Amino acid sequence: MSASRPVLSVTDLHVGIGRQPIVRGVSLAVHREATLGIVGESGSGKSMTVLAATGLLDAPGAVVSGSSALVSEGDPVELIGASPRALRSVHGGRIGFVFQDPGTSLNPLLRLERQITESLEAHRRPTRREAYARALELLDAVGLPDPEAKLGAYPHQLSGGQRQRVMIAIALACDPELLIADEPTTSLDVTTQAQIIDLVRDLQRDFGTAVVWISHDLGVIGQVADDVTVLHDGTAVEQATVLDVFERPQQPYTRQLLEARPLVGENGPSAIADDAGTLLEVVGLDVRFPVTTPVGPSTVHAVKALSFQIRRGATLGLVGESGSGKSTVAAALTGLVRADAGRAVLDGTDVFTVRRSGGRRAEKALRRRIGLVLQDPFSSLNPRIPVAASIGEPLVVHGLADGRAARRARIDELLDLVGLEPSFASRYPHELSGGQRQRVSIARALALEPELLILDESTASLDVSVQATVLELLADLQYRFGLTYLFIGHDLAVIQRVSHDVLVMRAGEAVEYRPAAELFAAPEDEYTRALLAAVPPARPRDAV
Amino acid sequence: MTLPAFVSHPVVRFLARRVGYSLVVLIGVLVVVFALVALVPGDPVRIALGTRYTPEAYEALRAASGLDRPLFVQFFSYAGSAMTGDLGVSFRNGEPVAQILLDRLPATVSLAAFGIVVACAIALPAGIWSALHEGRLSDAIVRITSQFGLSIPDFWMGILLIALFSTTLGWLPTSGYRPLFGDPVGWLQHLVLPGLVVGFVAAAILTRYVRSAVLEVADMGYVRTARSKGLPPRVVTFRHTVRNALVPILTVTGIQLATILGGVIVVEVVFAWPGLGRLVYNSVAARDYPVIQGAVLLMAVGFLVINLLVDLLYAVVDPRIRLS
Amino acid sequence: MTDRVLDGGRVGSWRLLAGNPVTVVSAVALTAVLVVALTAHWIAPYGINEVDVPNALRGPSGAHWFGTDELGRDVLSRVLVAVQASMRVALVSVVFAVVVGVTTGVVAGYRGGWVDTVFMRVVDVMFAFPVLLLALAIVAVLGPGVTTTMLAIGIVYTPIFARVARASTLGVTVEPYVQLSRAMGTGSPYILARHVLPNVAGPLLVQTSLSLAFAILSEAALSFLGLGIQPPEPSLGRMIFDSQGFVTLAWWMAVFPGAAIFVVVLAFNLLGDGLRDVLDPRQRTMLEARRKQ
Amino acid sequence: MRQPAAAIAAVVAMLVAVSCAPAQRVDLGQGSGYLIAAIAGEPDQLDPQKTSAYFSFEVLENVFDTLVEPDADLEMRPALATSWDVSPDQLTWTFHLRKGVTFHDGCPFSADDVVYSYRRIIDDKLANVDKFSAVTDVVARDRDTVVIRVAHPTPNLLTNLGGFKGMAIVSRKNVESGRIATHPIGTGPFAFASQKSGDSIVLVANPKYWGGAPKVPGVTFEFITEPSTALSALQAGEIDWTDSVPTQRISQLKGDDSLKLAVTPSNDYWYLALNEARAPWSDPRVRRAIAYGIDRQSIVQATSYGSASANQLAIPKGNPWYTPYDRYRYDTNEAKRLLDEAGTHPGKMDMLVTSEYPETVTAAQVIADNLSPLGITVDIRTVDFATWLDEQNSGHFDMLMMGWLGNIDPDDFYYAQHHTDGASNAQKFSNPDVDRLLDAGRVETNRAARQQDYAKAALIIADQVSYIYLYNPSVVQAWTTNLSGYEARRDGAVRFRTASLTGRAGDQ
């Protein structure tokens, strides 16, 4: 622990909602000019711990015990059980908050100036002119271009990254001693994430604010934290300096977390025979679709003249930031969206001509040859029907198993294939975890016995550890059955781990398209380089 | 602001779309209103004349109503003339329908307006209060009362109020209407009871919408941000929660207006209130189809205009449209 | 390893329904009303048109629990039979509205494109008319009576169901599990039957309960105006209209029919609300969270 | 949407167009000092010679005049005719007209108007043409004298010419302009001003009225169908007079000194009529069975709460032409016996009633209950008055209930209703003896003999059940204590010519 006095010290914090304990006796401390990283998987209670410790927890029926003292100037202020008035003077005044989703964290009906100055007015009595000057100074400090204009703007006129910068400006408005950042970069692109990380570090250096940074991403924690607390199931499993945690993890759980992380630079999938033919060849794919905005209809040119091939048994990694059009490619191939131009030849037949004029039977047969797995495990399965019915649907539709018994047997076989007990067949989706549901989705796609399996961000919503097991499953299936994948994602480390070839997309266009090994070793395109650079390195920033 | 700038300004384009949409609906309204009379089994003119039937009166009225021409032509002439305010003549006394409707408009407008004011005066505070105290006793009380309000038949409430406040206590007149400009005190005295009935039912409907709108906004990120700034509860509630809840509430109030206008009919009959509702009721007995047609059209157009105004307010209040 | 079930299993719908006191009360009240409606003719102590002028305008008594009206008829018997008539009108018109409204709504929501635009413009047009005014106009044109009342209320409530059905269908068709079914070639009938309808049933059940409440109010209003159920068939609305002249002499003639409407409508409203808390997905999460405390 | 500005302009134009239609709505209803009278229904039209609705005559009584008119004791007094003389053979009547009388539009009144009015009724065969059955000629000898010749001595000619305003003297210009049905012009104490359909009719005082200018500046007839609403309006001082009084409140109101209540026995009567054009009602035994099957006592009590007197004939007790008759009593067994005797058991009866006369709806519900033991299900068909008249005239009914008002001479009571070719014989009754007696009554000048004719006719009518007479209602009217110079009349005629208002309670 760094020597200087702690700003916030939390001892033996317990939080329970109803009968269910969520935080079970966590103690931690945050020091001036230092950043405490809190890392844990979803459900580990990391946000709950910090919100309870700072008195911002608002869940009805929550029971909080233990102590959390704000110690800096003057005598310590106990926050647990403090009166609403006392908490109000601390919030915004001595503790600033930044939350995850920039989209909803700012009031859409108020100009930015108002949302900054109201915090000042709550804690100090500035004149209008002083408040305006302070707001201007803050926007400049968080690196917003043309702060003068931004003050008069509304949140919807800014990008995600800019809105997050405004949030930080608001949090630091009254020059607080402590800044709480709860997953501040999780909803941002990796490039914007890197900029926000640098910004917070610079502000900490300039203003000497103590920071608590909560995240599920070990890479980000490695870049920002001085000390790290690893939370699992409501208890602090390991608390040490960032170097000790990353280099010399003491607890098995921490070690597993570290190992499960996909890291850029690790080896890719096993090579395939170089005489493997091309399964799918896409030439000049162009997709445009209408969007209705309140002010009138307009069209979005999502994919512009994209060409690529996928070799049989190989995996093509399609990577790009949100809005780059990578999901539209999947939609076009699976017929969910109509392609405006281009050819997609799947082992001899052009998918688009069959779709346009091939007739119902031909199109149905074509659909059996391409499987699809989507991102969100919770909405990929119909909540009202059991797992067996979901997996069984393709069997029924394409008549792949005649009779109930044959179908039941095939379902058990598929479940086993994806590592699930046959007993899962009769369960309902809400009785399964995120990982188990993705496995059921994969089983359903495999039921088609597709030639090509499109995986659109299918592990992005899973915790790191769960993601690792699913990626292992996919690799194993590819090895055993020679499956061909089109793997779509935004996490370069995951892409490197699964892809034989990689295509980088930006605003609908291919920016770089080369075998994975070459691309990761020596990226040619400047955008690819920026993407790679923005990925938080495996080893923490202090490691030498 | 030059014309091209004016035309391309987001609010104008938004409004133009809304006006275009309303015109399409208006045409649909005209078709339905026209179809209403075309559906009459038998010959409407013959039925309406009844005892006063004479061949000349029959021909005169048929010609005046243009019922002798093919259906298609009739519709376009009806729609065209409706646009210019000519809604044909009443079967009962030959007066222009537009004039008859205009005589009745002030009464219905004052009743509906008074009803809306009462509704908002009850629904807004009650809805916001119960949302902010969700799950607690006051929330349950507001929800139950609004359920009661929804379930009470308005004509029954009217009759009981008359029996209590007029016939027994004699505080308020039992029925009738006094024009606002002719006799303002009388106007208000006569308006209290019917207005309360319309207002209470409307309040019951609106309270639920206000409550769910505020509840929905209270879960939003920016409300938590506001609390994280240590703002006083009053500021968090009104500048952030309620202000954002007003946008959906506005749209719903516009839509709910149709049901409120519908309720006015029965209340006008109970209180002998000389408005459009009572006119429709009397016209039904007298089979005065053009007047029924005209009143239905006027109420529907009123609804569309009010919704357009709500859209205008929406565009003004919500910067996401003004500066999209 | 740490791949635990996250949302702790969803509590069965029926246990949630049973846990909510309001729905229990309204369900009990509704069953009572249904029993009354079905057996009205048997349990009614007197004939609905049994005139007994010498005993006219008598207050509630042992012989006549709800008292007698201006012709000496037993108000309780007439209320019981009238409740049956109202329920019949409400049920038939709501069934009409559900069948027509839901089919249009689901087809419009699922097929989208010009079908959706056309259907929804028609629905918007119907919404421009105040509910009771349109019903009044339809009855005025087709003539008063039970059948035209049922038709009028049915027509007037169809747009509401069309809108609810369309909104929920749209909500379901954008769900990934429907997109996946479409991608793998499942035909529309299978998707509609297995995926769309089961998930649309919840909000529609809520709307049905609320619409039954409003249908009874609409029928009562039309009968009050003399356009709904015609004498000698008793109707709650008309009984209230006839009671206007006797309110100071015989309060029971106005109070009991109105109270009957109020109880039935309140029961439907409360059931609708209870169902909404359980079946409407958005509300459900709030409810489950609270239940766990 | 190329020209959004144009689209907005179209909508605004439409709105402005609607609101700028001629809106100079003259607010006559609440003119200060007007007498506000509430009647139960709206006149179907205002042409006195065509309408047969009592609501119309309540208004037209104050707008038109007849040659002669009945006084309080229903004796005929001079009106537009100051005097008249009859030739010895009683075949020529010479009327001397009042001088200096003008119509409301200023045109002078002369003999030509009388001739035109009567010729119009006779030639166009209007509602009251049978009142002129004996008249052979109407001619103007000079501006101020009219001569009427009759085919045979007609003792009731005066009642025929002035019994009620159906024989009003109208203006040729008003008729030929086609405006008489909506904008009538007469010579009476009040002139028509305006009508707001479904709401009110306003009359303004005629300062040059030959009987002296009225003491109130005008009269507003408001239409309030619901009796209890009308009564509460009177008690609240919003109206000055009404004849729409809830019968169930009469006993209660008698003691109430905040308003004047008049319950005057009248010559009006309520009756049931069975449609003899349809089997089985053509058989008198079936009609008699119905007469025995109904409980008159309950009907009278349920419709009038004791303010009416039961009567099995038309002419009430206390009227010089009264004849006693009480053959029928409430006897279901006798009714069953008669049906068995007739050998027909009707299962259904279509009873026609109207919502504008609540008595008919109430009575129908009592009758439905009375007849069910006989196995007859009464289907009560409630329609508005205009449709009721249509259905009656076209014979679309099994049984109907209605009333006749304003009768004075026995001929008014029986001729039109029971003579084979009587204008109002909707039930299609035909009996040669009755025809003979009624025709004799029209010419018989000896009062005693005439009394005998009508008494015999009445007995046959009752025995043959052309009408099932129920009761003679009282004319029930109530008015504010500030209204003086008005009294309720036996014939139901509402005359406000002498009425005056001293500062109204309700007037702000």
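Each chain gets a letter, A, B, C and D, in the order it is written, and its residues are counted from 1.
Convention: a residue touches a chain if its C-beta (ideal position, glycine included) is under 8 Å from a C-beta of that chain, and two chains touch if they have at least 3 such contacts.
Since the model is a prediction, treat every value here as computed from it, not as a measurement.
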item: For subunit D, the least number of touch steps when starting out from subunit A; value: 2
item: Chain pair with more C-beta contacts, A-C versus C-D; value: A-C
item: Inter-chain centre distance, subunit A versus subunit B - centres from mean C-alpha coordinates, in Å; value: 48
item: Length of the line joining the C-alpha centres of subunit A and subunit C, rounded to whole Å; value: 45
item: Rounded Å distance, subunit B centre to subunit C centre (Cα mean); value: 23
item: Multi-chain contact sites of subunit A, meaning residues that touch two or more partners; value: 60
item: Shared interface positions of subunit B, touching two or more other chains; value: 13, 17, 135, 162, 167, 283, 287
item: Shared-contact residues (touching 2 or more other chains) in subunit D; value: 226, 229, 355
item: All touching chain pairs, where touch follows the definition stated at the start; value: A-B, A-C, B-C, B-D, C-D
item: Subunit C contact footprint on subunit B (complex, rising order); value: 21, 24-25, 28-29, 31-32, 36-37, 39-41, 135, 143, 147-148, 150-156, 159-160, 162-163, 167-168, 255, 258-266, 269-270, 277, 280-281, 283-284, 287, 289, 292, 295-296, 299-300, 303-304
item: Sites on subunit C touched by subunit B in the complex; value: 121-122, 124-134, 136-143, 213, 217, 220-221, 224-225, 227, 237, 240-241, 243-244, 247-248, 251, 254-255, 257-258, 261-262, 265-266, 269-270, 273, 290
item: Complex contacts: residues of subunit B adjacent to subunit A; value: 10, 13-14, 17, 135, 220-222, 224-233, 235, 239-240, 243-244, 247, 317-321, 323-324
item: In the complex with subunit B, residue positions of subunit D that touch it; value: 1, 4-5, 7-8, 10-11, 14-15, 17-23, 25, 27, 30, 42, 44-45, 50, 52, 181-182, 195-199, 224, 226, 229, 232-233, 235-236, 238, 355, 384, 386-387, 389-390, 393, 508
item: Of all residues in subunit D, those that touch subunit C in their complex; value: 226-229, 246, 248-249, 252, 295, 297-298, 301-302, 355, 361-362, 364-366, 368-370, 372, 378, 380, 382
